[in-house]
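We just call them A, B, C, D and E in the order they show up, numbering each chain from 1.
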Amino acid sequence: MSWDWQVFCQDTITQEVGASCFGKGGDITYLDWMLSAWGWTVSVSLLSLVVALVVGSLIGTLRTLEGSPWIVRLGNAWVEFFRNIPLLVHIFLWYHVIPSIFPAMKSLPGFVLVVFALGFFTSARIAEQLRSGILALPRGQRYAGMAMGFTTFQYYRYVLLPMAFRIIIPPLTSETMNIFKNSSVAFAVSVAELTMFAMQAQEETSRGIEVYLAVTGLYVVSAFAINRIMAFIEQRARVPGMIAAGGGGH
Amino acid sequence: QANDTLAKIKSSGAVTLGVRESSGLGYTLGSGKYVGFHTEMGERILADIQKQLGLAKMEIKYQPVTSQNRIPLVVNGTVDIECGSTTNNTARQKDVAFAYTTYVEEVRIAVNAKSGITGIKDLNGKTIVTTTGTTSVQTLRKNKRAEGLTFKEIMGKDHADSFLMLETGRADAFIMDGSILAANISKSKNPQDYKVVGEVLSVEPIACMLRKDDPAFKKAVDDSIVRQIKDGSLAKLYDRWFMQPIPPNNVKVGLPLSEATKEAWANPNDKPMESYEVK
Amino acid sequence: MIELKNVSKWYGSFQVLSDCSTSIKKGEVVVVCGPSGSGKSTLIKTINALEPIQKGEIWVDGTAVHDPKTNLPKLRSRVGMVFQHFELFPHLSVTENLTIAQIKVLGRSPDDAKVRGLKMLDRVGLMAHKDKFPGQLSGGQQQRVAIARALSMDPIVMLFDEPTSALDPEMVGEVLDVMMGLAHEGMTMMCVTHEMGFAKKVSDRVIFMDVGGKILEDCSKDDFFGHPEARQPRTKDFLNKILQH
Amino acid sequence: MNLNIDWSFFTWELFSNFVLKGLYFSVILTAIATLGGILLGTLLALMRLSGRRWLMAPATVYVNGMRSIPLVMVILWFFLLVPLIIGRPIGAEISAIITFVAFEAAYFSEIMRAGIQSIPRGQVFAGQAVGMTYGQNMRLVILPQAFRNMLPVLLTQTIILFQDTSLVYAIGAYDMLKGFEIAGKNYGRPIEAYMAAAVVYFVICYALSWSVKRLHQKIAIIR
Amino acid sequence: MIELKNVSKWYGSFQVLSDCSTSIKKGEVVVVCGPSGSGKSTLIKTINALEPIQKGEIWVDGTAVHDPKTNLPKLRSRVGMVFQHFELFPHLSVTENLTIAQIKVLGRSPDDAKVRGLKMLDRVGLMAHKDKFPGQLSGGQQQRVAIARALSMDPIVMLFDEPTSALDPEMVGEVLDVMMGLAHEGMTMMCVTHEMGFAKKVSDRVIFMDVGGKILEDCSKDDFFGHPEARQPRTKDFLNKILQH
C-alpha cells in the first residue's frame, strides 16, 4: 500500500486537496476535523476524570468507615455494579434504556451522559484503589488522629487522605491514562471524538492506514502528556525523608 | 506472480469469502452461518470458479469483516473476495479492484409515519441520525450545504443503534442506505409505524471487492455475475431475500428492485460511484 | 482523675479485658506491664475511647467515656496519647504536626498554636528540627516530637503505649528523660512499658496484667518490687524473665 | 414508557447460536491472556528490577509504550501490519490472542513489579543467605509471596481483560458482547440484548471476583 | 575462620565501612555493637557477600568472598545467618522452611532434609509447632525457627544481626538461651547485639563500631567491660547510655 498523507488536507465535502491544509470560510478539512475531534476526546476525558476523582474518592472513603456497615455495603454495591459490566453496555443502558423509563433523561446531551458514565465507571476503580491506599496506612495513624481530638471528617481530611492519595499515585496514573483510552466509547453516543473521526474519515477517504496512524499518535500523545503531569504531581507531593511511598513492608 | 488468486485457490483448495454480520445485503444466523443476498451471490460466484478450475472439492472459509478492516484484509490477502455492502468509489480503486456492480444502493430517509415529513426540505431544524463509518454522512453534509438547511446531526454506533434513536424519538429522521432502512423497519416491533420517504439523496454502486491487478480472477468473477444476470438467477435471488419472508424472524423486507439496479444489471459495468448521477 | 469500674471488652467471642477496675488520682504516675497480648494497649486505649467497651464504666475528669452521648473528640483533645510507633503525620512538617490539632480542634489561631507548639518542641530539646519532616528524624527524635505534640494540646492526663520499645537502645534514654521530667512536674500519667528502671524510679503504682485481660496486681511501686513474696506466681515468673538478661 | 421489553425472542437456540461461541472465545482469550500475560509480565517486571540498564531500558519502553496506546489500536495494527511483514495472513483469533498476551503483559508486569517490591528486602537476603541462586530465590521465595499478595489486583485486571475482549470486533473476531449485539440487531431487539448482556457480564464477573476472594482467603499468607 | 582486611564500602559517595579489619578464629564468639547507622548490619552482611564491597579482602574458611569468581550460593550455604526480623518464608510451613534450602541448595533428599530439620527444631524446643506457619508463631518462636533453619544447613559459622531487638521483652530470653547453648558447643559466631548481658556472659571478643563505619574497639570482653579507662570516649559515652536505664 502506498502512503497518501495529503488526505488530511482534503476538504470534507468536495474531497479536494486545498492550498492550505486548514479550511477557510466555513469549509473544513480532515485536519481541522481531526483536531476538533481531539479536542472532544480531551474534554470528555478530563471532565470524566473530575467526576471519577470526586465520586471515586467519596465512595473509596466511605468504604473504609468503621462502624457503618450499611454505608460500606452501599459503597461495595456501587463498585461491583460499575466494575462488572462493560463500559459500552453501561453507555447503551444509560442512553437508550434509562431515558425510556425516565423521559427527562432524554434531553440530556450525549456528551454529559458519557462524562458521567465514564466517570462513574472509572470511579469504581479509583474507589477500590483509594480504599486499599487508606487500608495500607498503619492503623496507628487513624488512632493518632482520633487521639488528637479530630472528628471523623477531620482525621480523614488532615491525616488519612493526604497520605493515601500519595500512596496510590502510581495506579492512579494508569487510571488517568485509561480514561483517555476509554473515552473512545463516547462515539457510541454521538460525540464527535477521535474514534468516531477515525471510523468516519477512513470510510470517506479510504485512507484507513494513514487515518488510524494519526489517531493512534494523538492518543499516545494525550496519554503520555497525562503520564508526565502525574509524574510532576508525584514529584511535588513527595514527602521529604520518605522512601518512595508504598514500600512500607511489614 | 503474487496476485494470482485463481492459482492460489487451485493449489490450496480453499477460498476465503469476506462477509458482513449484520447489514442489509448480508448477515449471520449465528454459529458460523452467513446468509443474505450478497453472501449467497458470492457463494454462487465461487461455485462457478470451482467449476472453471475443475476442482472436485473447494472449501469456502467465511471471514466476517467490518467497514474498518475490509480493505486492509483484502489487500493483505486474508480475504480473497469480499461480497458485503462495499461501495465502489475511485478512492478505493487505488487499493482494490471491484467486480461488476450487482446492486445499486439508494440513500434515503426513514421517518416516523406520523411525523409528516415527506422529504429533505421538511428536515429543517430537525434532528437527523446516521451511522458512524458510512458514506451517508457525507451525503448528508453535501445536501446540507446545497440546500442551505440547518439540522442537528447525531450518529449511531451502528445501524441498530441509529434506528433505535429513531424509535425512541431522539431523532426525527434516519438517513441511510435503502436496504438497511427497509431491513431495520421490517424487523422492528411495529413496522407500520415507520416509512421511507422523499427523494433519493444519492446512489452508490455496491460490488464485490477483489485484490488489485488480478485480471484473471476478476474476469472469472465478472463472468459468473454476467451468467447469473443472464439466466435470471440473480433476480430470483433478489426476490428471495427482499420480497419473501427471511430468517431469522420470517418477515418480509419488502424492497422492490430499483430502477438503478435494473439498469446496472442491463449493462454490467464496474464504474465507480463518481460516475453516477442523482436523478 | 481516671476511674475504671468493671470494664470488660470482647472482640467477637474473644475477651480482651475482664472486669478491670482501677482509679488514678491527679498527679499520679502509673506503669502498666504484663506479657504480650494481655490487653495493655487495649486497656489504655479504652480511656480515651479509641476502643469502645461493652461493659463497665470509665470516667475521665468527671466525663463518662462509656456514655454514647459524650462528645468524644472533645474528650480526646484533653487526653494526650503517645504511641509505640510515634504516629507522627508523615506528610506534615514537625511544626505542622504540632499545630494542626491546636488550630483545627481547639480553634487556636495559627500564631498562638505555633508559639505553644514551639515551646513544647523546645522543652523536648528539638527546636533545631522544627522545619524537618518526620521521615528525616531518628526514632528517638520522632518520639519526642510525638510527646511535644500531645503536650501542646494542654492535656490533663498523658497516656503512653510502649513509647520506647520501637527505639534503638541508645535513644531510649532521650525519651525516658523527657517522661521523667513530665512526671516530676506533676503530670498525671499512665504508661505501658517494660522499662523496669523507669518504673522503679518514677512510678507511684504498678499494674500487672495477664493474658485474658485480667489485672493481676495493682499496688504501689514499693510493694511491687520490694515484696516479691506477696506477688502472684505469674508476676514473679514474668519479672524473672525480663530482668534476667 | 415506550420500551415494551420483549424477551420472547431470547431462546436457548438463539443463545447457543450467537452467544455461546462468543462466550467461549471470550473465556479462552481471557484465560490465555491472563496466563501468558502474567508469565511475560513477570519476566518484564524482573527485567525492570534487574538493575541492569540494557535489560531495564527495553522493558520500560515496552511497558510504557503498550500502556499508552488504546488496546483497540494495538489489536488493529497487529492484525493489519503483521501479514504485510510476514507475507501471509493470520487468523483473527490467533492475532487477537497474541495481541492480548503482548498487551496485557505490560499491565501484569506493573502489578507483579509492585508485588515483588512489596516483599521486604529481608526476604531476598534470607533466600540468598541460605545459598539460593537468583532463580531459586525468585521461584521459591519471592514470586510465590508476590503472587499471593497481588491476587486481588490481578483479579481486577482479569475482569477488565474479560470485558476488553469485546474489542476484538475491530478485526472481525467475535466475543460474547458481539454475540449479544448481533443477535439483537438481526432480530431487531437491541435493548433486550444489551440488558441480557449486562446481566450475564455481571454474573460472570461477580462470580469470578467472589471466587477469587475465597481463594485469596484460603492461600493468603498468615501474618 | 573469618578474616577481614581493610574492607571499605560506599553507597554512592557515602562511606558505610571504612577500612575495617579483624579476624575471627574457629570457635570464637564475637559481639558487634555500636550506635544505629554505624554499619554493623552492613559489616556482617559483607561476610557472606549479601552486600558487595568495593575495597579490601574477606576470607571465610579459605574462600575469597571478595573475588567475583567465587561461587557465592555455595559459600552462603555454609554460612548460617539469622536476621533481626526473622525473615522466615511466610508462605511455607515451619517444616518446609527448614527443608527447602537443604533440598534445593544442598541437594539432600526430602527425607534426609526432614530428619535433619526436625532435629534442629527439636533442639530449639519447638517440635510441637512443626506444621504451623510462621504467622502463627510468636516472635520468639519465629526467631528460634530461624536459628534452626540456619543450623540445619550445617554451617561452619553463624552470623546474627540483632536477633532479639524485634522481640517482646519476655521472649528475648528464649532466643538468648538457644544462642548461649550454641556458643558453649563451640560454634563460631559473630553477633550484632545490644544485649550486654549476653556479651558479658558468652562472648570472647567485642567489636565496637562508630558512625562512618569505623571499628573503634576490637578487644577481649574483659578489656571492654573491665577497663573503661582504656576505652575511647565515644565508647564510654555509648555504654553509659545503654546501661543507664
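Some notes on this structure:
By definition in this document, contacts are C-beta pairs under 8 Å (C-beta built on N, C-alpha and C of every residue); 3 or more make two chains touch, one makes a residue touch a chain.
Source: prediction; values computed, not measured.
Between subunit A and subunit D, the least number of touch steps comes to 1.
For subunit A, the chain with the farthest CA centroid is E.
The chain with its C-alpha centre at the largest distance from the centre of subunit C is B.
A straight line joining the Cα centres of subunit C and subunit D is 50 Å long. In terms of their C-alpha centroids, the spacing between subunit B and subunit E amounts to 80 Å. Touching two or more other chains at once is no residue of subunit C. Residue numbers of subunit B whose C-beta contacts span two or more other chains: 68, 72, 161, 164, 168-169.
Touching two or more other chains at once are residues 2, 76, 80, 84, 120, 190-191 of subunit D.
Which chains touch which is summed up as A-B, A-C, A-D, B-D, C-E, D-E. Of all the residues in subunit A, the ones that touch subunit D in their complex are 1, 80-81, 83-90, 92-93, 96-97, 100-101, 125, 128, 170, 174, 177, 181, 184, 195, 209, 212, 215-216, 219-220, 223-224, 227, 246-247, 249-250.
Subunit A makes touch with subunit C in their complex at residues 138, 140-141, 143-144, 146-151, 154, 158-159, 162-163, 166, 239-242. Contact residues on subunit D toward subunit A in their complex (touch as defined above): 1-3, 64, 67-73, 76-77, 80, 84, 107, 110, 114, 117-118, 120-121, 156, 159, 163, 166, 177, 190-191, 194-195, 197-198, 201-202, 205-206, 209. Contact residues on subunit B toward subunit A in their complex (touch as defined above): 67-68, 71-72, 75, 89, 91-92, 94-95, 129, 132-135, 137-138, 141-142, 145, 154-157, 161, 164, 168-170. Those residues of subunit E whose C-beta lies close enough to touch subunit D in the complex are 45, 48, 50, 72-81, 83-85, 87-91, 100-101, 104-106, 133-136, 149-150, 153.
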